[in-house]
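Shown next, in structure tokens, is the structure this report addresses.
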């Protein structure tokens, strides 16, 4: 077998991953599938004080918290009397490369430098690429970004092309691949060949880097309003953004804040499909990542994923592509801020959520991102039209059809959210865990771990396991 | 069109042909190769589009592939004005100016 | 005569200006050409505490002060032993619309709203347009931006087109004119027809808005280094940036900081020429504004210009277009910051200046601006090539030829500055003042005013006046 | 191409013909008119390129001019890679890595 074949490289997966992140994950394993999450975060990650210091060195973080006064006013215009919470947004576009991803990259690259790696590699089609490239430039590390860019016709989505351009502007090498999960294989191959650091989004470093975001939200809101946020809305994709932000919120004492995850609904589109690839306008922050990574975090590019979203999520809602484009336009036209659109996923959800809350509540939207050619709604929707997607005004939820139709609301009162049943996700997590580990019985420590990982009483965990076993045997029996 | 040594170019290669790809792929993906495009500085003295060439990438790697572009420009743009979006600004401003609840309370 | 003809409208100039800025400038006139500058700034402008409050409301200002550690390291590599000052940059791109112009716009628009104007008009091809549009969006004012955009062939410079796009993204109307100083005439006409506020760059509001920038530099540097900046480099165009920044520095106590103005050298290009219009890559921050506005500030769109650069300038240097593009690339590749290029004019100068200074000195570059399609060096230089400009590597100062050749340095040690003789400028100021007012004799109060406006002893002022008179009579005698 | 009422369009008009312009202009400017281009929503029911039409601008002004574009797109872009600039990054990084003064001191 060729040493560089798909099968051969995948067999060396654990060895390559270990060398390229320099973490001995095994020492945190407790028993079977159970591992000591908090110990790992403590021993491998950095304390919030250390993270702050590292980020201050490279001018990452300490972004403004902006009150969206006009959008709040608009929400109140369309809400029942007494309703319409105040909306704030954390203007993460002010980070050096234009998104909160600088926080994650700053830690990964710092760590890589400290450990003597000559370069960093990140597999991402998102803003994380530009962030890693920017941080690598600051710290004189070589940088390779691996992007899923083109379909088999060689057509690339403008937002991804823009992110690739940004990486190149900072001096990074961009490896543009066509559609397929073998991006992971190729990343491993490059990690092996170069000996570079794997700037994965899922290491304890990459998560610890975001904790300052949650921490700053609490600090800034406290300074201005002398209170904790009632709700924080977080765009959810691979889980890191949510995990890191909430850990930061908790470290700052915001224990009663409701955490709402938000993703763009891309139901029906297959993430590994060459045909579907260019039928979506959002390259991250959507259900294609959000749901699989919630129900099985350890599908990532490291042996243990430090992003554990179900530990931190109180509610999970979906919005549609049309809603996000609509609020992106609103943000520019009412608040004088050109941002996103991908960063505005949580803003779309926040507007719907604020409508239901009392006026004296505070909802914080946790990120913005930079924008420009390729990223703007005009670029995205022009591309979508070329791909045969219908664009129309209408009910953005009822008429939405991912991959076929994007519906721009006709009125802000049409902004709403689709609820995801968290219990269903937790049940899926258990199902996936059983299936992928080919395991039907769990030790006490394993049950405790699952219980923590799902924020679910052990009784519920065992009940779900039992139901799954029954379901399986029923299915077999049929 | 011909490229000279040191010029900024883009190369293409197939990483995995359809039969080498991972299992369990959707049909549309399974039947096509996994392709790669990378930019770098041309190492060959001269080359024309379609030639197999060697480049040095910005990270200093030397890789080879088929020359597909010389001094490739970014093609993404602002798109066109979107009729479905262009009136959103005036609309929401109008709603905000309508006399309503928040003025009364 | 047609009421809307050039001549007819220009005759109504003072009347229109007065109504559209709502300032009775006459009350600050002392005698002849003399006026009470500080009284005007105090009575018409806002205090720095008020400005802060207004800017905080709209999340303007409080941008990061970033130490450019790698560029400093590079400077030291190419400097004599012991030389190479530390360089900091005020990352003004973090303002809502992407430049320090938000500071000026926030005050102008606040004032317009307070005074009951229904809209604002600004005549600018710079970032100020986007800033006014963004602030107007926040405060629900109508907004018209008048830009000099196209030459007679309908060709527009990409940077100006981008600025127009940004204005439109915030909901503003953009009036694109072809080349010519009659832009002023058309602005007056629109101000008259709409009754909107003239968001001029030269009112006391527009200057007061920048004072926070200088103030923040001192505050931030003090917090980090417990000292004042040794040098602040300010990009100089119409004079407002310099005036406002230095007033802020002084208010924060930085009385010994050396103020260096920097402009891009566009010598030989005529600013009102349809032919020359698209032969320059920089639309502001160049000598086409910098020198005329220094020697005769009251050429602006208000009766008394609140920007008085010669009061505040210790040194004035020029850099070349090629140098600015070069340092823009350096900033991205060494510091992981994609900014400018126009905002990097002062960075180019700062690098040359830092080389001459001791290592323990601190140079602060006073701004950055956002970038993207249209603004990037690649866009500007591609356009320049199309306009027939030669682009080459070489000595960026010796080989530079504005309008014909842009020379990118081959090595950072080629970065240098061209000194402008400040005494010559002050002499020109006197000459212009005499010519434009057709005046040969000045009262004591007028001489005092000129002495303050030029920071020049009265004896020197009278000497220059006498020389000018003699020169004139000599010229007549010939 | 035809535009319908409410569509986003661009109009053109001459503000000052050459003989109406200001004095003391450079020759190249003096001989051409002062032109204006403005975008807005078409007020006429239908119009084709070249027609004199009325539009409502984003500020709410109604102005007329010659229709020159329907749904005009932004044409400025990233330009092309500039060979004279593209090696600046590697060059300055190399200078920084050369052993030099700052390491010794």
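Each chain carries a letter (A, B, C and D) given by its place in the written order, and its residues are counted from 1.
One rule holds for everything that comes next: contacts are C-beta pairs under 8 Å (C-beta built on N, C-alpha and C of every residue); 3 or more make two chains touch, one makes a residue touch a chain.
Everything quoted here is computed from the prediction, not taken from an experiment.
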Based on mean C-alpha positions, I'd like to know which chain lies farthest from chain C.
A
From the C-alpha centre of chain A to that of chain C, how far is it in Å?
41
Dist(centroid_CA(chain C), centroid_CA(chain D)) in Å evaluates to 22
Roughly how far is chain B from chain D, centre to centre by C-alpha average, rounded to an integer in Å?
26
In chain D, which residues are in touch with two or more of the other chains?
58, 74, 77-81, 89-90, 93, 96
By residue number and range, which residues of chain A touch two or more other chains?
70, 140, 165, 171, 332-334, 373, 376
Treating touching as the only link between chains, describe the layout with one word: line, ring, star, complete or other.
complete
Would you mind writing out the residues of chain B in touch with chain C in their complex?
77-78, 89-90, 93, 96-97
Chain B contact footprint on chain A (complex, rising order)
5-6, 70, 73-74, 76-79, 81, 84, 119, 142-144, 149-150, 152, 156, 158, 161-162, 165, 168, 171-182, 185-186, 194, 270, 272-276, 325-326, 329-330, 332-334, 373-374, 376-383, 391-393, 408, 411-412
Per the touch rule, the chain C residues reaching chain B in their complex are 140, 165, 171, 373
Contact residues on chain D for chain B in the complex?
7-8, 58, 71-74, 77-81, 83, 86, 89-90
Where on chain A is chain C touching in the complex?
58-59, 62-64, 66-67, 69-70, 91, 94, 96-97, 133-138, 140, 166, 169-171, 332-338, 372-373, 376
